[in-house]
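Which chain is which? They are A, B and C, in the order written, and residues in each are numbered from 1.
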Amino acid sequence: MTDKKTRTLFIVPYLLWIILFVILPMLLILWYSLTDSSHHFTLNNFVQFFRNGIFLRMMLNSFWYAFLITLVTLLISYPAAYFLTRVKNSQIWLLLIILPTWINLLLKAYAFIGIFSNGGLFNQFLHLFGIGPVNFLFTDFAFIFVATYIEIPFMILPIYSAIKDINPAVVQASEDLGASRWQTFKYILWPLSWPGVESGIQAIFIPSLSLFMLTRLIGGNRVITLGTAIEEYFMTTMNWNMGATIGVVLIFLMVVVMLITGRKRRRKKVNL
Amino acid sequence: MKKIIWSIICVLLACAGLGYLSYRLQKPSVEAKKQNLIIYNWGDYLDPNLITKFEKQTGYHVVYETFDSNEAMYTKIKQGGTAYDITVPSDYMVSKMKKAHLLDKIDRDKIPNLKYIGTSFLKKSFDPNNDYSIPYFWGTLGIVYNDKYIKKGSITSWNDLWRKKYRRQILLIDSARDAMGLSLASMGYSMNSTNNLKLKLAQTKLNGLGNNIKAIIADEMKMYMIQNEAAIGVTWSGEAHEMMESNSHLHYVIPKPASNLWFDNLVIPKTAKNKKAAYEFINFMLEPENAAQNAKYIGYATPNTAAQKLLPKKTRNDRQFYPSAKTLSHLQVYQDLGNKVTQEYNDLFLEFKMYAR
Amino acid sequence: MKSKHFVAKFYLIFVLVVLYVPIFYLIYFSFSSGRNMNKFEHFTWMHYQTLFQDNRLLAIFLETILLALLSSLIATIVGTLGAIAIAGLQKKWQQKTLLALNNVLIVSPDVIIGASFLIFFTALGIGLNFGSVLLSHIAFSIPIVVLMVLPRLKELDYSLIDAARDLGANNYQVFSNVMIPALMPGIFAGMFMALTYSLDDFGVTFFVTGNGFSTLSVEIYSRARQGIDLEINALSTVMFLFVLLLVGIYYFITTRKGRKGRKMVGGLIK
């Protein structure tokens, strides 16, 4: 390859980036969590976080919502991913599923303000059955629905590629050996597609813990996740120390989740 | 390699083109000639016809720029590089700007029309001698309700909000000062309390309201109330007025026992380039005829007593927006509480939001 | 077997309908003369007229694209060089450490990145404006580029490089005539991804923007907070067409590049 000198030249901007934008910000956030507003060292922020029931309650709530969002997304996405491997022209289907992820997230959230309103699409639909109008906006249902809506493609893709990688002969063999559909699913499909499910969960659970603009637009600030709390502490109340503390807790939880679900995988955008 | 360098150059050229285009798009508004009067105001907070009239009368060219929060305006002016001749901060922001030395002292002799402002609107705590600010509009904090869902007249005090039957029906304004303030007021405390214990009590009481809250939002409340999306909204009188114009089912009350009285004020920033025009403009706006026209257009309450007389009787006697002297005496103006206490208000309110579900 | 296919298609169509309804709902009402998204009044181009006369929004639109192009370009250069350097490291632990650090920004949630950058810029006294947003976008795009380029480097046929050297090529020639062309699909994919990350970002930008600079996402957020405004609906139609165009261009370029390109598209889908 190229010689040593050029290589050092190559790595300088990259290393500079790592130091300035990866290591330093993380240290700074840790530093802020360990100081008070006059820059004196203190553990008080963490003590307050774990002692004041409000924070723990908020954290548990945040976990519960992230769990629900991940679960619902998985339930909808798994069959979709499975069917994707079974239809003709799966590339085109896939493209159609990916395309909405390209539309700006904010626009999609904004659309739901209209859809969920008293005279919106949802209530017009219910009206056909003589129900309603039901208040959807600012309910837990609305929040989870929209979050799920946004995450579905990110769950379908990893599962799809995991299922696609399963040798069809294995499934065939299990069917030939007289396994029922349920058995084939339970003993063959599910375990073999587990890596895909895992990276899907990883790609959704952590961001769901930190959703912050949906909680405002769709949740009406009634659902406060860890992310919302951080955003509020940084941008509204300007109490950066407490915000950084919650941030450190979130980073810690993230590491735990990653250790549980195993290998690191690419998150978020799975492009064309 | 050549190809790559070419594509990099292409991308850079495209960037330059985009940058130039966006610069051109924004440019016309920044143009600052001598005969310009640059007004930095809230969106839609001045009758455009009055601008035309002022331009015709004086020959100045008016440039109208807008902001959407006191804080945004403050940051922009503090950061410098601007040449606004007039801006419109609210009460507590006047004292904050004054403390930051951003405001030019007003020479009252140059504003003879000041005499039309009612004395009850002058010499308020945020600017005791009106050295820096001239009241522009004023209003209150109160409750809007929809008579489709709530019997007319059944809400008269802050404490009514806590009724069990209003579960998930209230839209609350997303503002620490107002939310904590209403809770303080409902217990008979001052809305400017700095006592830690009182603030904690107010937060605890506010937590009890959690179940009745549908959402904690800001500007979009107008839209939701107009669309009958919620039964009750806690908001400012000006916003309420706009809602009521679009939906006749809505009513506004100033709750007992006390509420907030706010003022938006005309001020001249230190960085102003055309102070002469600024004075002429302030004087022009205080002309009773003009003040009345502006009040009719915007729908907020004017502090100009001479202008009030020119308004239709129905508006003038509307106790929702021109409260009686007795009600007025119960209202409190927010004071700038300093950074530390403001922080405490904010933190307590945020903790309430985390709890509010 | 037939019925199974039917179920599969039916379910997929159901998912697609759910995914597309909100988008078309927005587009549909952009042609309504009403004031909300409840009832379609009359057909009108009115909101498009407002949109194209809204200088502020147009300027933001252009600046968002400018930001995406510039940040992805710089990120691609830094990232590609970084990837080459990482691949050249002899010691395994060095590679592993760098890769682990590389992935930090990919797995971190937006709020964390945004908040920590905000602290970072304030600590360094860098003002919040176009510059801070540009730096942040470059920062979170670099690791993606590295991840897209690295696999290419691993597949690189080193005998080619040796051959080039034997034929008397100097370092620069090896780099520009052998390595870069071989890495091109990865570099291109990386840049494209960086571009879409930047165009789509809200979380990080929201924290580090200021002084009147705003990107489309942040602007839409602040407008959505005012309530429904059908001008945003018109904007979403424009954005939808823009996305279709972008995807079209991407496919055009990757398929025109010939057989090699097709492999890359496949790789990206995975």
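Following the convention adopted for this analysis, a residue touches a chain if its C-beta (ideal position, glycine included) is under 8 Å from a C-beta of that chain, and two chains touch if they have at least 3 such contacts.
Each chain and its UniProt protein: A, C = ABC transporter, permease protein; B = ABC transporter, solute-binding protein.
Model, not experiment: these values are computed from the prediction.
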Per Cα centroids, the chain farthest from subunit A: B
Chain pair that, of all pairs, has the most C-beta pairs in contact: A-C
Separation of mean Cα positions, subunit C and subunit B [Å, integer]: 38
Whole-Å gap separating subunit A and subunit B, where each centre is the average of the chain's CA atoms: 37
Centroid spacing, where centroids are CA-atom means, of subunit A and subunit C in whole angstrom: 18
Numbers and ranges of subunit A residues touching at least 2 other chains: 117-119, 216
Residues of subunit C whose C-beta touches two or more other chains: 36, 38, 224-225, 227-228
Overlap residues in subunit B, where contacts from two or more other chains coincide: 217, 224, 227
For the subunit C and subunit A complex, residues of the former touching the latter: 4-5, 7-9, 11-12, 15-16, 18-23, 25-26, 29, 36-39, 78-79, 81-82, 84-88, 98, 101-113, 115-120, 123, 135, 139, 142, 146-147, 158, 161, 171, 174-175, 179, 189, 192-193, 196-197, 199-200, 202-203, 206-207, 216-217, 220-221, 224-225, 227-228, 232, 235-236, 239-240, 243, 246-247, 250-251, 265, 268-270
Touching residues (chain side subunit B, partner subunit C) in the complex: 1, 4, 8, 11-12, 14-15, 18-19, 21-22, 25-26, 28, 68, 75-76, 79, 217-220, 222-224, 227
Residue ranges of subunit A in contact with subunit C within the complex: 1-3, 6-8, 10-11, 13-14, 17-18, 20-26, 28-29, 32, 76, 79-80, 83-84, 86-87, 91, 93-94, 96-97, 99-100, 102-115, 117-121, 149, 152-153, 156-157, 161, 206-207, 209-210, 212-213, 216-217, 226-227, 230-231, 234-235, 240, 243-244, 247, 250-251, 254, 258, 264, 266-267, 269-272
Residue ranges of subunit B touching subunit A (in the complex, touch as defined): 168, 174, 176, 213-217, 224, 227-229, 343, 346-347, 349-351, 353-357
Residues of subunit C touching subunit B in the complex: 36, 38, 55-56, 58-60, 62-63, 65-66, 69-70, 73, 176-177, 180, 210-212, 222, 224-228
